[in-house]
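Going by the order they are written in, the chains are A, B, C and D; count residues from 1 in each one.
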Amino acid sequence: MRFVAKETVLNLPLVNRGDSKGTHLVKVGEALFGSKEIVLVSGPCAVESAEQVKLIAELALRTGTKVIRGGIFKPRTSPYAFQGLGHKAVDILRKAADEVNLPIVSEVMDSSHVDEYESIIDMLQVGSRNMHNFSLLKRVGKSNRPVLLKRGMSATLEELLSAAEYIMNEGNDQVVLCERGIRTFNDFSRNTFDLTIIPKIKQLSILPIIADPSHGTGDREMVIPVTRGAIAAGADGVIVEVQYDPDKAISDSSQTIKPEQLIELVEDIRKIAPAVNRVFR
Amino acid sequence: MRFVAKETVLNLPLVNRGDSKGTHLVKVGEALFGSKEIVLVSGPCAVESAEQVKLIAELALRTGTKVIRGGIFKPRTSPYAFQGLGHKAVDILRKAADEVNLPIVSEVMDSSHVDEYESIIDMLQVGSRNMHNFSLLKRVGKSNRPVLLKRGMSATLEELLSAAEYIMNEGNDQVVLCERGIRTFNDFSRNTFDLTIIPKIKQLSILPIIADPSHGTGDREMVIPVTRGAIAAGADGVIVEVQYDPDKAISDSSQTIKPEQLIELVEDIRKIAPAVNRVFR
Amino acid sequence: MRFVAKETVLNLPLVNRGDSKGTHLVKVGEALFGSKEIVLVSGPCAVESAEQVKLIAELALRTGTKVIRGGIFKPRTSPYAFQGLGHKAVDILRKAADEVNLPIVSEVMDSSHVDEYESIIDMLQVGSRNMHNFSLLKRVGKSNRPVLLKRGMSATLEELLSAAEYIMNEGNDQVVLCERGIRTFNDFSRNTFDLTIIPKIKQLSILPIIADPSHGTGDREMVIPVTRGAIAAGADGVIVEVQYDPDKAISDSSQTIKPEQLIELVEDIRKIAPAVNRVFR
Amino acid sequence: MRFVAKETVLNLPLVNRGDSKGTHLVKVGEALFGSKEIVLVSGPCAVESAEQVKLIAELALRTGTKVIRGGIFKPRTSPYAFQGLGHKAVDILRKAADEVNLPIVSEVMDSSHVDEYESIIDMLQVGSRNMHNFSLLKRVGKSNRPVLLKRGMSATLEELLSAAEYIMNEGNDQVVLCERGIRTFNDFSRNTFDLTIIPKIKQLSILPIIADPSHGTGDREMVIPVTRGAIAAGADGVIVEVQYDPDKAISDSSQTIKPEQLIELVEDIRKIAPAVNRVFR
């Protein structure tokens, strides 16, 4: 047996492009994923305190962020690592976001999280470690909330699209894909950001796809250039981790950018977007 | 930033070997994982019918199989692929196993599966796609059933041991690890069976580890030699997929061995085991 | 032993950025790699005939190509595959390039090739399969011709920079690096184009780096978006395979773009370049 | 485009098994690679001094080593690392081997090395970094010396067999393959030893294949169990790095075993070999 290149049509009728043009639109607050607009999602890796989130929410508003991200439960390799503030974090995040009138996206790690928080969280994130958690995929497929579906660390394109098909097959067609880097032998970045999957998804599927350069590189200094590359290659938006004093962040410290870097990133998006016939507001 | 080799002690007190000798023993029926005995687990990929499972259970008894495996829910990439017979499969499997007086191991895919089936299934399998499903890990950690924890497709050794620590941290120390192949660029096997993790786990951890050459290669003809290699390198047992007429199996057909291959595999284990100071009964 | 992230300074004094600003300039004809200018290199995978190369040379001139590429010896996996026209190809390529007054870059596969052709070929390419051929690296290091050094299929950043250090250590500091995709588990592209290495090289080294989206994706339809992404992320140029009637190309057919795609690619570079403070002439 | 599993017959007539049974025999001194006998190759990573090699040669004789290995030129990532003693090393190695009447295998890194040393070195090694150096493959194909061909770090099975076909196509059919680990994301071993390629090569090709657990793991403590696994899975022999005081070895220190470990390894081979119908003398 050998693996060889073959032109195939994936048997995934709901996510496949087929003969349709354009991208499926997914609305979260004022954000319209899949439209001409580049959507910026930003926020802390994990919700740590009300003060932290309040400052970040104000920064979000100033920078054109359309959705605030923030972890309430954190999927951590070690059971002894910070696991997120849970219920308390939801309240903090919701309150801070309401004050700046922005929607929030946060990760749900099992069906009970969806049951408990889907009325509060505007967009449900399925993280890379759960991309193959079929029970969770089916549950968010029954929600009326839009879903941000992150590619698994070693998921093939077919597996990513199949996971989206699981969600859509349950009736929820509000799915946004996200490339966040894959596992390779690389020695200089935590993951390998797979640029090519962005235009390939555009070619094969109707779903919008955004880039996560924070997890995709694991390196704060790489977030801005990789964002530029992703937007230029056709990404519909970008999700980044930002903190005041990121070196003190409890999780993902090395990949979290500083507020001044978020401002620079936004300036760069403003320059790149028109070059690929997109807008950033 | 670069990644460099470093001698480290993992901060995982429950799974770490520390100063202890020997391997933690996990008992399932007559099987004692981690003892001198090589444990054979065999059965169909998915439970398809009562006739199928009855024949396989009889084969199991004849071949020295100590635990019968069988999928009741199948984690399938596509939502349109066969998803397992579910509740009906549990009854079929339980009945067939009881007739030959053997315990069963079957995959649970979320906490509700554990709630529903832990009274019926002797050993709960957490599959490779769920190795990072922390909610599920915590739930099986609260069960009094032994757990077969499969390595994720791109899980590092540290991540595998951390997943086991999650389970043990909830109070369940009956954990058996399983190497089932990792994702690489390889063109001739579905996954790359990572032999070295077996002796490395023995060096670093007290937990038993078995090999899954069926998923580890994806190739029926490779199951026997890879079993031999795994046992010779120190594996505590092996789990294989077997079927009468495997080419008609609904899932995993190419990697499922035939009954005569299981008999040959057992003969090979009998020869290899004493060479590494183990027994097979 | 485990591999962990560590901030390290590579002991590679010639390629390391150290305290210097800007990028080392490498001149080939009118092309200045490492300057504000985006350099386009284009041409056929392999030189097949005088007619083919003449047409491509004229296209090169029209599109702003600054260096014509063309294979004279082809590193082919099978000994029975087309191995390049060799000596005859050099004459064809040289003559066609001279008629449009452009320099040529072509791959040399061992020291004897350098001896024979360094007086004729303007820029010597060391291919990905030879990135670890230290004898060849030393030989091109003694040449007075600029060198295009492609990253090996599984080379780390440190290995790529070390290969460049081998060349520079022999006295030749006219080195341009090239990212051409790495080997991963990906199922939808021949290689995985590693975008992040481009800004990381910029951060760590003084050497210019260009992108090869043809080999980096193996897919004609991905060449344009990946080119846009690479330029936006900071690449100093791009090298692409182009052919009239690429489906009839003897090698690399699926990744070779058509003339109209080269024209579209150039239009896209013209739009992206100013957004990252670069120019394309 | 997608890559899918496909049963294919490789178009490599010289290496393919076709209808033949058994393995092609390659004779080096008293060693007969591909016979019932397990062949042990041992020696230092690099020849460092006459004293070192003399001691190792005596150890080799005592342990049933049939071919002494020793690096005369070392392919090193950095140009500033120890590059081997070159000409002086050949004399040292030849003299020490002659005193115990054993043949030597040593790596040649380009055609000029073959010209200079093929009269002195009994078996020419093509290293993993040169597996795709087609000029070198063709040159050793014209030699009358047997060739040890190591798999490239990211070579597919097809590429490994094609490299062997290059050699055989020039007239030299005395080729022994070697699995030495591939590049993956693994965090606990330098490379990932790919056990399955051993039985797969046996299935597809007539060529003998041996295992290199030293490079395959990068970890002294893993060499013995991985040797056992490789022999049990069907390897025709094993090549290991051994040193008195390996922690002081100039290169590959962490993976070089101690003399007492070589003795233990030999005892293990003696136990495993008969279990797979092989002998070790």
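In this text, a residue touches a chain if its C-beta (ideal position, glycine included) is under 8 Å from a C-beta of that chain, and two chains touch if they have at least 3 such contacts.
Model, not experiment: these values are computed from the prediction.
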Per the definition at the top, count C-beta pairs in contact and tell me whether C-D or B-C has more.
C-D
Roughly how far is subunit C from subunit D, centre to centre by C-alpha average, rounded to an integer in Å?
33
So what's the Cα centroid distance for subunit B and subunit C, whole Å?
46
Two-or-more-chain contact residues of subunit D, please, as numbers and ranges.
1-5, 154, 157-158, 183-185, 187-189, 218-219, 254
What pattern do the touching chains form: line, ring, star, complete or other?
complete
In the complex of these two chains, what residues of subunit C are touching subunit B?
1-8, 10, 157-158, 183-185
Touching residues on subunit B, where the partner in the complex is subunit D
5, 154, 156-158, 182, 184-190, 192-200, 202-203, 216-219, 221-222, 225-226, 228-234, 254, 271-272, 274-276
In the complex, subunit C residues that touch subunit D
1-4, 11-12, 75-80, 109-112, 129-130, 132-136, 153-154, 158-159, 162, 165-166, 169, 183, 187-189, 218-219, 254
